[in-house]
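Common to both upcoming complexes is subunit A, partnered first by subunit B, then by subunit C.
Let's look at the complex of A and B:
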């Protein structure tokens, strides 16, 4: 059962939203926020991805089961990133790991 | 022809549905009709030829490296060739045989018939997947000839980025191979959702369909990550991007994370279709419904799901943090639960059944032994304290061969014998089938059981030479490998002979109630002239036809 239609105004609205988000990510890159920059840029990309998926690829018109697959895909990427990032963040070995930056390879 | 009705009360047509039409082998003739066919059964046969060729090639690589290990020092090839051999063996067996073998051959052939469909949802994509597979094989073979690879099938950095061999082309070949896998899996998922015959509810589907469905989901989610990782390696190797070099802020362990995020689920891509074949075989040859249909069906989905949470157990000694190692170690144990559910359900299915010991059933017994043995050692290596001792030794080699080869190869052979009458309309020689099956099993055990002892005794994997005290176990292992090779060649010979000289098979020589057996052997081009109506489960063994007819009259 189709619950929503992708209409032309919605397409134009999404297009403008994508443009605004693109300029937003560019603008934030100029602020020099350091490590937070990457997190913000990726978050904006995720939002843009969902706009493209749901509006331009008409996922919003689909049954929940079909939408679930896309949501699950996103969760699997989140899983990959979470457990991979958890690894270097929790590497507390004894004796301490030598810092490669302090002792660069010849 | 009248509409086919598949129910417990109907007397099966003596020659099967579609018997008055030319079968799929004879419906069209000429090379062109094969190369451009959109018939799922013909595409399955073309894949069959491909995967058997690559099983043979991978087997030759295995025999070369096992023969080299017959003596502690150099036997007949040099160290570089040895490094190439184990790499090419791994790449050929994993991507050109084990991953495509059961889905593309038996899945392609029987899945649509099991669902009561005339073909897969996308026949053209199905044909394209075959040619993409061939293209990947050509790229990989070309890369083998143009330098090969000596990194092992795992392509670990930093070595894979600096190896002088054809790593870039190997990566591209595997990337293209992944596209073929994805095409097949999309086809299976869509077919299962949309092409089921009337009355074929999800819980009436044969268990092979559930297993193929679960496999397709894993392929769809995991393969893109592998593709991406190998593109990174290929780019790094070709252009020197130093993506994983710590000197430039990279982390070699990151590659292992990316690689195993695909490659651990890939183990389940290889073994889940095998579970499907085994479920069909055990029900058909014990003439009994599964002890719990839902337990087998849902545990496939459970394995597909939990398989994504365990990749880190390959990296316990690679510098993985203790926190991650703990999480991955614990999660890995869960796979054992779902696997055990399956094993107990298969064994319970035998209870009260009318068991016949044909060749596929014997392969089921070998499968059970090898899979449980391999699975239990898997739980052992998922335990960190033990893995530190066994990591990168022959113990791990023996473990994953028990699971992947013992599980996948035995069930591939079970399927090859089980569906042979359906695919070709002939019966193979049962005595030769049983004998070759015993040879395969004994050969397998002699090859890999000594490797557990070698690994536990400290012999590392992928070494060209070894101390003399390991020689007697290596000799046993090499002897076993030759016996295994001979058993496989004889099994293939038995089936090839039966193609021409085998007795003609009826539509249902095993007395199975699964839906593919209702069609003629071999099936007609369109399987069913009209879409059948399904009025029973695929495992309805309790009602004899006479009792069923009486009940039908009473209704």
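Let's look at the complex of A and C:
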């Protein structure tokens, strides 16, 4: 049996931290920071995900094999999203998007 | 209470539990990649149609979205507490917490249902069914299509998670799980936390950023 490191106070602390981060994210969205907004919001989401993964999902007390799966999943998604988004963001020599006149909406 | 049965291919119960947990993490990894493909298409189309996309998302109710975020985070907390107490052999308490989490899942779906009803009323529907604004700027329809697809897929996961939470809650109450046997409860909890993590990303992408 695994020795339990995740205790009730830690669970309550994590819950409060998640709520604080949620309202922080909400508050920052009201400031209207433009371009940086998406990056900040997603960074806060990543922090929240770590809290959920390590405390709520007990990753902190599990074997490395389980952590390896999480690390690989993160890497694959980062690769997938980064390479996909790199296409529309770096278009310079050909139209950035289809011409709406050529394909009007129904 | 029934003791956990050791199946033939494992030497010890500890190894058997580790295999069950590892398999759950692998399943969650593949689930995350399913959503990952949708997040990639979100990034692609948002990069292609920045203004139209944001215009579609502006119409979502931030108040309802934030309410749902708080509801799901709290449900994740009660699930984590439930798993904690079943390990300490407090089966009735764990059953109550898991049932409470199921109820939070239902609250989430009701709030989401109100949002969907509002969108349907305005004909802000995906793809070919869209007729909210006659001549939408390019990207608005794509924004709504991804909104519906991603939130509906997440909603299906909420329903699946609620069914599993309800089942383990009943089995906890009946005394099937306890200190001697709790991997199934842990794994259902892991699934529910994944549902929470997906929403933690859907919320800023569809409600907050502009």
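FYI, the second predicted complex is superposed on the first by the 89 of 106 C-alpha atoms of A that agree within 3 Å, B and C clash if a C-alpha of one lies under 4 Å from a C-alpha of the other, contacts with A are read in each partner's own complex, and residues count from 1 in each chain.
The rule is simple: a residue touches a chain if its C-beta (ideal position, glycine included) is under 8 Å from a C-beta of that chain, and two chains touch if they have at least 3 such contacts.
This is a predicted model, so every value here is computed, not measured.
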What does the overlay on subunit A give for subunit B and subunit C, a clash or a fit? clash
Subunit A contact check, subunit B vs subunit C, more residues touched by chain C
For A:22 in the superposed arrangement: first (subunit B), second (subunit C), both or neither? second
Now for A:92: first (subunit B), second (subunit C), both, or neither, which partner does it touch? first
Just to be sure I read the superposition right, which of the two partners does A:8 touch: subunit B = first, subunit C = second, or both, or neither? second
Please state which segment of subunit B collides with subunit C in the superposed model; the candidates are 3-11, 219-227, 291-299 or 471-479. 219-227
Set of subunit A residues, in rising order, touched by both subunit B and subunit C: 72-73, 76, 80, 84, 87-89, 100, 105
For subunit A, which residues count as touching subunit B in their complex? 72-73, 76, 79-80, 83-84, 86-93, 100, 104-105
Hey, which residues of subunit B end up touching subunit A in the complex? 221, 225, 246-247, 251, 253-254, 257-258, 261, 308-309, 312, 319-324, 327-328
Where on subunit C does subunit A make contact in their complex? 14, 18, 21-22, 25-26, 28-29, 32-33, 36-37, 39-41, 43-45, 47-49, 62, 66, 69-70, 73-74, 76-77, 79-81, 83-84, 87, 128, 130, 135-136, 138, 141, 186, 189-190, 193, 196-197, 200-201, 203-205, 208-210
Residues of subunit A touching subunit C in the complex: 1, 4, 6-8, 11-12, 14-15, 18-19, 22, 25-26, 29, 32, 37-38, 41-42, 44-45, 48-49, 52-53, 55-58, 62-63, 65-66, 69-70, 72-73, 76-77, 80-81, 84-85, 87-89, 96-98, 100, 105-106
